[in-house]
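Structures incoming, each one as structure tokens.
Each of the next two complexes has subunit A plus one other chain: subunit B in the first, subunit C in the second.
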Partner chain A sequence: MKHSLTARRNAAMEAMAGYAFILPQVLGFILIVLVPLINVFVFSLHNRNMLFGTNIFIGLDNYARLLTDGLFVQSLKNTLVFSLLLVPINVIAALLMALYLGEAGFGSRYIRAIIFLPVVTSGVAWAIVWKYLLQGGTAGPVNWFLAQLGIAGPNWLNEKGWAMLSVVFNRVLKNLGTNVLIFYGAVMNMPGEVVEAARIDGAHGFSMFRWIKAPLLMPTILMVTIVTVIGSMRVFDTIKLMTDGGPEGSTMVMVYYVYHKAFRTFETGYAAAIATVLFAIVLTLTIAQWVLRKRVTHYEQ
Partner chain B sequence: MSNKRPLRVAVTAAALIIATLLFVYPFWWMLVNSLNTAAEVFGPPALLPKSWRFENYAEIFRVQPFARHILNTLLVAGVGTIGNVLVSALSGYAFARLRFPGRGFLYVLLLTALMMPIEVIIVPLFFQMRGWGLSDSLYPLMLIPIFGAQGAFSAFMFRQFFLTVPMELEEAARLDGLSYLGTFRHIMLPIAKPVASSAAILAFLATWNTYLEPLVFTTSVQQYTLPLSLSNFNDSYGEPQWHLQMAATALSIIPIMVVYMIFQEKVRDAMVNSGVKG
Partner chain C sequence: MKKTMAILLVLALMLPFAGALAAEQAVPMTIATWTSNENQLALLQSFVDGFAAHKGIKIDAKFESIPFAEYNTKLLLELQSSNPPDLYWVLETSAPAFIASGNLAKLDEALKEWEPEDFAPASLALWQKDGSTYAVPFSTSPFVLLYNVTMFKDAGVKTPKELIAENNWTWESFREIAKEIKEKTGKWAFQTVDGEGYTARVLHNLLPIIRAMGGNLWTADGQVSADSDVSVAAIKLFHDMVYADQSVVPPGDQSDFYTGGAAMTVGQISRVSKLADVTWEWDMATLPGNAPVIGQAALGANANGKNVELATQLLAYMTNKDSVAAMAGIWPPARKSVLESEAFLSSNPAITPEQMKDAVAASIETGQVLPSHEMYPQIEVESRILYDKLWNAGADVAAVMQEVAALYRNYIK
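What follows is the complex of A and B.
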């Protein structure tokens, strides 16, 4: 009797300590994340303008407006194009580099060190430097270099199409290092006996990759792909600094449009509606990632 | 076999040259032009500065309150990182080791922060901070890395780590009469150092480099952090003053580069693991 009383008191003490330990984080999370998240939905149902101080409940009108807003549709399309360009380029380049680094002796350490330099650099610094490297005419070093080869480079950041490719290229270089090293870890963890056995059976080059390495790497490839997709949805600093959404809105992505509507034209309610759509996309992708991770760990066991 | 060797050498050489051009040359170009005059920046690219104008590095402190921007960034990244690690170590430990009703639910709730990039909540967060009287201040920039997605991620890392620590360790400490806080401080926190340093590296890099938050939450030049400051070296026509911008960018990158060079393996491990797990 006395014993169980002590046990219960101890359990109560432990619970108290537990609540005390998580209090700062949970309280902060509620105030800094949860309340604003609820408010995104609330804002999106209002005609809210920071400049005029209006705040009128309008139901789903903001969402109806999204469908007819050419700029929103364009920003959605641009985000999609950005992702569809960036993700395959990033994942394939990272995979090829990791496979190369897995085989290479000389220079492998050096490359693994330098591909991480842009990763630790701010996106702002990386964008500022490349903005100059990509200057039009022959002013920019990239075009100067092309001119030496007899090629007249375009005005990278001011021509439609090229501008999108330029920001994608910038973003790929910025984050490639992380994915290369994740793949490199997976490549180095491939069971040596399997690869060796396949080599003895005559698998080389592409057949080795297609039938042996690719299946072994598939879980990692899937994870990296989704993480890269989510990251690509959030691109902002590169766009803001390199093209400012231009030319003619051809690089205006969703986060840029949220920022523009909220803090440039002060249509806060409408900006919140765009943010809600962004949230829905990121949420879907994150859930996919979690489900996938569960399946992958299951598969690994 | 013999005709394969030259091919291998050629491939290796090409890989090294291309990688250097893409990942090192931009930084070199930045350094070179940080020592040029404005006019010299526009000349054909050279491997060395022309006038070695070290004066640029003094001038950036005159055209903007750049020293203040460095201090602001150090302050935000410092407080943000320390707060992030302390708060998430506490909660990560509790979620892993202490039993209390609602633990599972609260943990999952906290992890939802990982799905909420700052871009989604920044609009209402701006009004909330303004309501608290924190607009145009550094406080939002410190609070976000502590309690936002970065904080939740650190808590996740700490919890994963504490789950692997053998129970006997803290049972012994408890029998010795240490309180829960004492056990955490003297036994558990010291053995969690590797996780703490990973969490700190990630939080520090994120706060040092972030752009959207200072863009939204600060308005006066006095409150800028480095990423915002870098994009602000423009002449009176709004055209960037490239030579100054490059000097400022170089100064903002150098501390990070030095830290990276010293702790290369550690930094890469932290970021690579966060990529796999996050």
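What follows is the complex of A and C.
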């Protein structure tokens, strides 16, 4: 009896110590993440203007206004186009690269370093250099190179369509390294005996990938996809520096529109409503992918 | 021991207050700016000292330098805090919104002491509403034409200065010389303002042409004329220079005047510092038609500050004739008496008195600020999408400008 009481007290003490250890992290989360997040939602229900100091509760009026705001609808479309282009290209390219690196012995270390280099480069410097490279006419090095091949390159950042593709390509190149590294880790951790057994059974090339490697990598693929989707929804610096939302608003994405509303026209409440919609979209996509993950993943530890 | 330590600690904590007491009720004044340049801040500090001596009081001035890119955002947060700045710089594009918001104190009473009638009336227009002045421009900087004399000589083309002497300095003759330079040298003849004339500075680029031909985009009384025949003709002229003559650095090309990539550009006198080390000869002139855009920055007083009256008096002192004369080399003045003074003409070592008189002062006299509106940031974002449609060879200028005008009319009434 006495013994179990001590044990219980010890357990309680241990639990207390545990909570004490996570307390800083939890406090940080509450103060820096949760409170602002809730605040954004509260703001979105107000007519809040930083310049005029107004702060009036207006219910869902901001959300109703979104439906009639052509620029918001356009930014929503642009964001979806951006993500739909970027995520598949990024994930597939990263996966192929990782599979190649997993096989290749010689030089893979150097290739990894080269692919990872853009990730550690400053995003601002990266965008400015690419803006220079992608000049129109024959002024830019990229178009100069194409001209040597007899191709007249477009005005990359100043033509509708090309501008979006340029920005997407740019982001893929910039962030590919992170995903390659994650996939590479997963590829190297694939149980060798399973792959070996499949090889003995005659699997190779595509069938090896389709039936053996892809299922083994599926949890990682889904995780990487989720992170890439979230990242693509949050693109800002590349847009601001390379196209400034143009031409004709074709690269005006939601985050950039939030920035305009919050910090250019000071409509904090309305900007918060757009941010809430963006949050809802990302949350929905993440949950959907999480559910999907249980369906398509054949093993879980 | 513990007790001694505690007493020492308390004394140490009280030290700052003791210091404040010794300073004999120095009035704190916080001034928010977007410059962090030490010489400029020292100059502003000297005005504060001058004012304190003038009033026979002590002022403890504190300067808050907010980076330009986030100036408005941080300033507004500070204005809502418990310890807001007493004086602050105001951006030109924010003028109508700031005045409407009630954040700026009326200055009429304080300005009376220092000859407000000396300010060129056009220079104050942006900062006034219903007959009251809410901020005073400390910088009135016109956009002038900078050109590469060496390139003109190589091409054997008449320079802007020669055309001015012939009384033939119009956008039509500008187009002619630009075309000649391109044909004779194969180099770009003109680069728009900082290369941003198709994007962020599209109005800075087009308005001097439109105004020189007698048009406008919109006026303070709510008249939108962006789609008028003159305005469209002016934009067509520029459009033809870019796409028919191909004499202007086109969108998406980063060829730069300051590195010898174009024969002419438009810029403020602050850009002259970029020309300090060039190997070629350069000069400046008024823009063709002499209807330049002027960029302004003003000083305003916080209407909800702790010491509004004193703040407005300090503001008036900081923009009096002596202060404006002292600033003239850095920030071109809006006071007529200073504009005409010898001191101003020789205030910038990189610019000759002749250039200062013929190009800068002449431009300040005829220049105007960009048209403004409370909702300007929103108008800017939305209209940029429409202006972008201008920048291809087959663009229908009149149709695009009709769309722009329709958008303007949604906001400007």
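Structure notes:
Criterion: the second predicted complex is superposed on the first by the 245 of 301 C-alpha atoms of A that agree within 3 Å, B and C clash if a C-alpha of one lies under 4 Å from a C-alpha of the other, contacts with A are read in each partner's own complex, and residues count from 1 in each chain.
FYI, contacts are C-beta pairs under 8 Å (C-beta built on N, C-alpha and C of every residue); 3 or more make two chains touch, one makes a residue touch a chain.
Treat the numbers as computed from the prediction; the structure is a model and nothing was measured.
When the two structures are aligned on the shared chain, A:Tyr132 is found in touch with subunit B and with subunit C.
Touch criterion met: A:Phe263 reaches subunit B and subunit C at once.
Within the superposed three-chain model, A:Val255 lies in touch with subunit B and out of touch with subunit C [touch as defined at top]. Legend: residue contacts after superposition of the two complexes on their common chain; A:Tyr100 is shown touching subunit B, with no touch to subunit C. In the superposed pair of complexes, A:Ala214 makes contact with neither subunit B nor subunit C.
Of the two partner chains placed by the overlay, only subunit B lies in contact with A:Ile182; subunit C stays clear of it. Annotation for subunit A, partner touching more residues between subunit B and subunit C: B.
Of the two partner chains placed by superposition, A:Ala64 touches none, neither subunit B nor subunit C.
In the superposition on chain A, A:Phe29 makes contact with subunit B only, not with subunit C. By the touch criterion defined above, A:Ile115 lies against subunit B but remains apart from subunit C after alignment on the C-alpha atoms of chain A. On subunit A, the surface touched by subunit B in one complex and the surface touched by subunit C in the other have residues 132, 139, 263 in common. The touching residues of subunit A, when paired with subunit B in their complex, are 11, 13-19, 21-22, 24-26, 28-29, 31-37, 39-40, 42-43, 100, 104, 106-107, 110-126, 128-130, 132-133, 139, 141, 144-145, 173, 178-179, 181-182, 185, 220, 223-224, 227, 233-234, 236-237, 240-241, 255, 258-259, 262-263, 268, 271-272, 275-276, 278-279, 282-283, 286-287. Note for the complex: subunit C touches subunit A at residues 70, 72-73, 76-77, 80, 97-98, 100-103, 198-200, 250-255, 375, 377-378, 380-382, 384-386, 388-389, 391-392.
The touching residues of subunit B, when paired with subunit A in their complex, are 12, 15-16, 19-20, 22-24, 26-27, 29-30, 33, 41-42, 44-45, 87-88, 90-91, 93-95, 98-101, 103, 106, 109-110, 112-117, 119-128, 143-144, 146-149, 151-152, 155, 180-181, 184, 205, 208-212, 215-216, 226-228, 230-231, 240, 242, 245-246, 249, 252-253, 256-257, 260, 264, 267-268, 271-272, 275-276, 278.
Residues of subunit A that touch subunit C in their complex: 50-53, 71, 131-132, 134-137, 139-140, 155-159, 244-249, 252, 260, 263-266.
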